[in-house]
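Labels run A, B and C following the written order; every chain starts at residue 1.
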Amino acid sequence: MRALSFSRACLAAAGLIAAIEAAQPAYAADTLSVYSIWPENYARPMFDAFEKASGINVKFIRFSSGEALARLIAEKSNPRVDVLFGGPVETFAAGIKENIFEPYKPPSFGLLQPRFKHPDGYWTAIADDPLVFMSNRVFLAEHKLKAPSSWDDLLDPAYRNMLQMADARTSGTAVTRIFSILEVNGRDEEKAFGFMKKLRQNVQVYTKSGGGGTLPVGLGQAGAGIFFIVDALETRNKGYDIEISFPREGIGSSAEAVALVNGAHNPDGARKLIDFATSPAMQSLFAPHKINFVPAHPEVQTEAGLAAILKDAHIVPIDENFAGANRKRLVDRWVEEVLNAKQ
Amino acid sequence: MRRFARDPLVTGAIVVLWALLAIFILYPLAALLVRAFTGEGGLTLRPFLTVVADASNRRAFANSLLLALLVGCGGTLLAFLFAYTAVRARLGARMVAALDAANLLPLISPPFTISVAILFSFGPRGFITYRLLGIGNFTAYGLTSTALAEIVTYFPIAYLTLRPVLAAADPNMENAAFSMGASRWRVFRTVTLPLAVPGIANAFLLLFAASLADFATPLILAGNAFPVLPTQAYLQITGLFDLTGGAVLSLLLLLPAAAVYLLQRFWVGRRSYVTVSGKVGPRSNAIALTAAARLLLIAACALVSLAIVYFYALLVYASVVVAFGANHAWTLQHYHVIFTEGLPAIYDTLIIAAIGMPLGGLYGVLVGYLVARRRFAGRHAMEVVTMINYALPGTIVGIAYLIAFNAPPLEITGTALIIIACYVFRYSPTGIRATVAQLQQIDRSIEEASLGLGARSGTTFRRITLPLIMPAFFAGLGVVFIRSMTAISATIFLVSIGWTLITVRILENMTEVALGPAAAFSVFVIVVVIAVVAGLRVLLSRVGAPGDGTVETVLGR
Amino acid sequence: MANAPVLAPVAIRLAGISKRFGHRVKGEVYAVREVSLAIAPGELLTLLGPSGCGKTTTLRMIAGFEEPDAGTIVIGERDVTHLMANERNIGFVFQNYALFPHLSVFENVAYGLRVQKRPPAEIARAVGDVLALVGLAGYEHQAPHQLSGGEQQRVALARAIVFRPRVLLFDEPLSNLDARLRVQMREEIRDLQKRLGVTTVYVTHDQEEAMAISDRIAVMDRGEIVQVGSAEALYHSPASEFVARFIGRANLLAGRIAAVHADRLEISLAGHVLALAQGNAGFCAGAAVRLVVRPELIALQARAPHGLRGTVVSRTFLGEKAEYSVRVGDQVLQASQYTRPGGVSFQPGDAVDLVLPQEGVPILPG
C-alpha cells in the first residue's frame, strides 16, 4: 500500500466533502426550495413552467404527505424550504396547529369556493381530487359482477379479502373516504361505523399510502379498492386493466393545496410560486400534461376525458371545517372499532 | 491496568475519535432521549406513558419480538444447513462459489426486493399460488410471509458467521468420537452440534437483531393484523405527525436491541470452544457424510438457492417489461427513466457511497487497532460506544440524527455530511470487529519488533500493521459501500433537496405504482455492488497478505 | 480393569498398503507406498521417521480415518480394510488430545462406554478404575480446559483404553509436552501398555522416545518402510545411511575392501588399512563401501599405533561427555568421549590419533 500518511488522507477527505458541498449552488435569492407532495412527473412540468415565467429556479424533493409534514415540523426552528406544494388539505390543516405556515392570500383567493381555501389564508387549493371505486376487470368477469355502483356493492361476499384501501392513520385518502361515508349516511355516526365494520370483513389490507392498493388491484392481487381518481387513472394509463365507477349515493373529494412556509428564506419567491399555482396559468397545464386533477380555479376547464368520467358522478362536498374539527376523534374511533375489530 | 498512552500520535488519535463519537453517536442519542421525555412543561414521562398505554403499541412490541424469534430460529437453521453443506459435503470449488453467489444476492440488494417478489408469487393471484397451484385467495400479508421474507433476506448474515466456525472445528474431535464406536449421527448430535453452539447462538442473535430493526419488509408484507415496532415508529411520525411518540417507540426498540448486544458480548463471547491445546498437527479430514445425507443436503441447498434466484429473476423481469402483471411487452424504457430522471439520485448515492467507503474503512481499522492493541483509559467504553449506532435499529438513528442536527450547535440536515456520517458510524462496526478479530491472530511481537528497530508508532501502523490487516480493512470497505447503496431505514429521514438516494426513490416508485423503474433501480444497485465488491476482492488479492479465510467471508468469499 | 486383559491380544497385518493424493504442484504423490508390516500380539511397534514420511497416514489407515488405495489391513482375524473407523474397536490417542471441551473429564472418558450402552453403574466403575490407573482419581468433574497438558494427555489415554479396544494407536502424543514431562509420560505409557498387553502402534519422530519404549521400530522414509527391528538391531546394524543417521549419530567413512579373509576383513580408507574382525557381509574385494562408525566408539589418543591422524576442529563439553569434531583428510568426523577422572582432553588445533573399532562395524555399499 502506498505510504499515504494518515493525516494527509484525512485532510483529503475533508477537502472532498467541502468541495462537494460547495458544488451545491448557494442559496441565492433567485432559488426556491420546495417540498412537493405531488409526484415528480406532475411537479416537474409545473415548476419548469414557473421557471420560464418568472426566472426563479425551483429545487424540490418529493415526500409523501406524512413525511413532508413531519419534516416541516422537525425543521420548524430552521426551515429548509419555502413552499409546501400539493397534497391533501387535511395535511395542511394539521400543520397549522404546529405553526409551520404563514398566511398568504394570492390574487385568485376571492374567486375560489370556500372549501378551496383556508379562511385566514394559511393554505389555498390548487386542484380537486375526487375519490372513485377502482376494480380489476378480470376479477369482475370471473365473478360475473358489474363495476360497483353503490357503497353496499362492496359488501358482496365475492369481495371477501379482495379489497384494498388506505389506512386512516397515515393517509388522507382514508380520511376523505371516512368523511364520504359519513356524509352519505347523513352524518349518522352509528350507521356509518356500522357500514365500515361490515366493510372491514372484505378488506385484505389497509395500505399505508393512499395509492398503495392501486398496484395490487391492477395486478389482480386485489379485486377492488377506493382511491383518488388521479391514482386510478395513473394505474390505467400504465396499462393495467381496471374500471372506474362511482357509488350513486355519492362520494367525496379532497382538495390539493399549497402554502407558504413560516420562516422561509425566500418569501417573495414563494409568494410568486403560490400566485402561479393558484392561477389559470398553471392549472391550464393539467390537461396537456395528463395530470388528472380537477382544477380549483373556476375559470379553468376540466380536461375533456376527465370531465366525461366525472359526468355522472355524484360528488358530495365535505365541509373542511367539520372535517378539521372531528378528524382526530373519528380517526381514533375508526382505528379502535374498525381497524382493530376481530375479523 | 490503566495508563495513558504515552505516544502523542496515539493520544491524538484517541482524542479525535472520542470527539467524533461524542458528536455523531452520543449527541444524537441524547437529543432523542430528551425529545422523548420532554412535554409541554419540561421533562416528563407522559409521552412515554401514553405510548406504552396504547394496546396496539404493546402488541407491536410483542409482535416484533415474536417475529424476531421466528426469523432467528428459521434463519439460523437455514444458515446452518448451508454452512454445513459448504464445509462438509465435499463440493467442488465451483459449486461452493455458486452457493456463495446465491447467498450473496439478498445481502447486497436494496430493500423490498424479496417482499415484492413474495407478494407477486403468493398473493391472491400470485404466480405460484394461483397460476401454478390453483389456490385462490391465498393471503400474502401477515406474520408468515414477513417472517419468510426476512429469513431469506437475512440468513446470509448468519451463514457468513457460521461457516468459518464450522470450518475451523477440529476434525479430530469427530474422529475421536467416531473411533470410539459412535455412529455418524451420534457424532453429529453429541460432538459437532454442541461444539457449534456458540457460533449458532451468535448467528441467532445477529438475525434476531436484524429482524427487530427491519422496517422495509413489514412495511410491505405485515399487513394491518401484524404491526411491528420499527414500522409503527415510522408511521407515528409520518402518519400521525407525532415526533415525540415516534421517538418513544424507537426507544422501546432499544431495550431488546441492547439485550441482544449484551448477550452477544458477554455470554456467547465467553463460551467459544477454543481447542484446548495448541498444535493441531497436519490438517486431517473430517468423517465423510453418507452418500444419502450428502445428496439430501445438496438438494435442500439447491432448492433454497433456486428460490432465491427465482425471486431475483422476477425482479429483472419486472425491470424489462412495460407493466409487470399487465403488459408484458419488452422495453428498456424503465432503464431510460432511471438514467434520466433518476440520474440525480444515482449520482448522489454513488458520491455518498464513494466518500463514505474509505472514511468508514479507515475509521474501522483505526478503532479496531486502538481497541485491540493499545491500553488506555476508557478503552472498553470506546468499544461499546462505537457499537451503539450499529446495534440500534435504523429508524432510531435516523430520527435521532434528524432531531439532533437540525438546530444549533451543529446544523447539518440537508447536507451530504449527515448521510455520510450516519453511514460511517452505523456500518463501520463490521470493519472494527473484523480488524479486532484479525489482530487477535497476529502476534504482538511483530509490531514490537518494528518499534524495537526504531520506527515510530505511526510508521509501524502504516507499514507493518495495516498491510497485515488488509483483509479486515477491505471487509470494512465492502460493508460500508454495500450498506450505503442499499440502506433505507435510517436515511429515509435524512434525504433532502440537495441529496437524494436511490433506495428512497425505489420506495417512492413503489408507492406510485411505478414498478418498472423501481425494479430497474434495484437491478442497477445490485450490478454496481457486485462490480465494486468484485473489484475490492481483486484489489485485496494484489495488495494484501494472502487471504486467510476468516475475514474474506465478510465479503462473501 | 486394572488387571490382566480379558481379551487375548491380536496381531495386525498390513499388506502392500498404499495411499496417494493429488498435490497442487507435484501432481500425484504417494503418502504411503507399498507398506507391509506384521505386528505381533501385545507388541508395541513404533513407526519412526521424519515429518512427511507417511507414518501418521499409515496409522490413520489402521484406525480407519483414511482408506488405503491398495493393499489390505487385517486386525486379528478380520480384514478391516474397508471397515469404518467406528466398527474397528480401536483406541486412538491424538497429538492434540482432542478432548471434548464441552464435556467433563468423566463424560469424556465415558463416551465410548455410553456408545456401547453400558449400564450407568458399570460405566461409573470403569471410568473410576481407569482414571485411577492413569493417576487422575478424583478428576471426574473437571473440565478439560482446567487441566494441564500432562493431565489432558492422561485423560485422552484413559478415554482410549476404557472400553477395552483390541488395538491402541498413538499419534505423536507427547510432542506438545515439555521435555521432562515427555520422559515421564512415555514411561507411564509403556508401563500401561505392558500391563494391559494391548497390541499398540505408536508414531513419533523422536528416535530417543522410540528406542525407549518400543518392542520394535519401523523406520519410514518418504512413504516406505526402510527397516524394521528392535532398537538394538537398528542401532548396531542399520540397513542404510538414512537409518544410520536417523537413529543415533554416525560417521560414514568411505573406503574400499582391500582383502577378504575367513573371519577378517581389510579395508583401505584414508590412506590406512583397517583390519576388522568380522564377516564380509557379502562384499567382494575391491568393492567400494562405507563404514558406519558411532562417535562413542572412536577413541582419541595423542598417539596410537594404527590410528588415523587428524586435527581437532572443535570441542563441546556436555558434562557427561565431550564431543569432538576432528578433521581427517577432507572429512570431518564426530567423536565423543565420556568424562572420566584422569582422562585426557584435547583442544582445538591439537593433533590426535583416532582409533576406530575393530569389530561390529556396520558396512554399507559405497
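In the analysis below, contacts are C-beta pairs under 8 Å (C-beta built on N, C-alpha and C of every residue); 3 or more make two chains touch, one makes a residue touch a chain.
Only a predicted model underlies this, so the values are computations on that prediction, with no experimental measurement involved.
Summarising the inter-chain contacts, the pair of chains with the most C-beta pairs in contact is A-B. Nearest to the global CA centroid, when each chain is reduced to the mean of its CA atoms, is chain B. Separating the centre of chain A from that of chain C, both taken as means of CA atoms, is a distance of 88 Å.
Between the CA-based centres of chain A and chain B the separation comes to 35 Å, rounded to the whole angstrom. Spacing of chain B relative to chain C, judged by their CA centroids, is 54 angstrom. Annotation for chain A: no residues touch 2 or more other chains. For chain B in complex with chain A, the touching residues are 56, 119-120, 123-126, 137, 139-141, 219, 223-225, 235, 237-241, 243, 322-327, 341, 351, 355, 358-359, 362, 366, 402-403, 406-407, 411, 413-417, 420, 458, 461-463, 466-467, 470, 492-493, 495-498, 500, 508, 510-515, 543.
Chain B meets chain C in the complex at residues 170, 172-173, 175-184, 186, 190-191, 194-195, 197, 273-282, 284-285, 287. Listing the residues of chain A that touch chain B in their complex gives 1, 3, 5-6, 9-10, 13, 16-17, 20-21, 24, 33-34, 39-41, 59-62, 64, 66-67, 69-71, 73-75, 77-78, 80-81, 94-95, 98, 160-162, 167, 169-171, 204-206, 208-209, 211-212, 214-216, 218-222, 231, 234-235, 238-241, 335, 339-340, 343. Residue ranges on chain C touching chain B, taken from their complex, read 56, 60, 63-66, 84-92, 94-102, 111-112, 115-116, 144-145, 149, 152, 159, 163, 171-172, 175-176.
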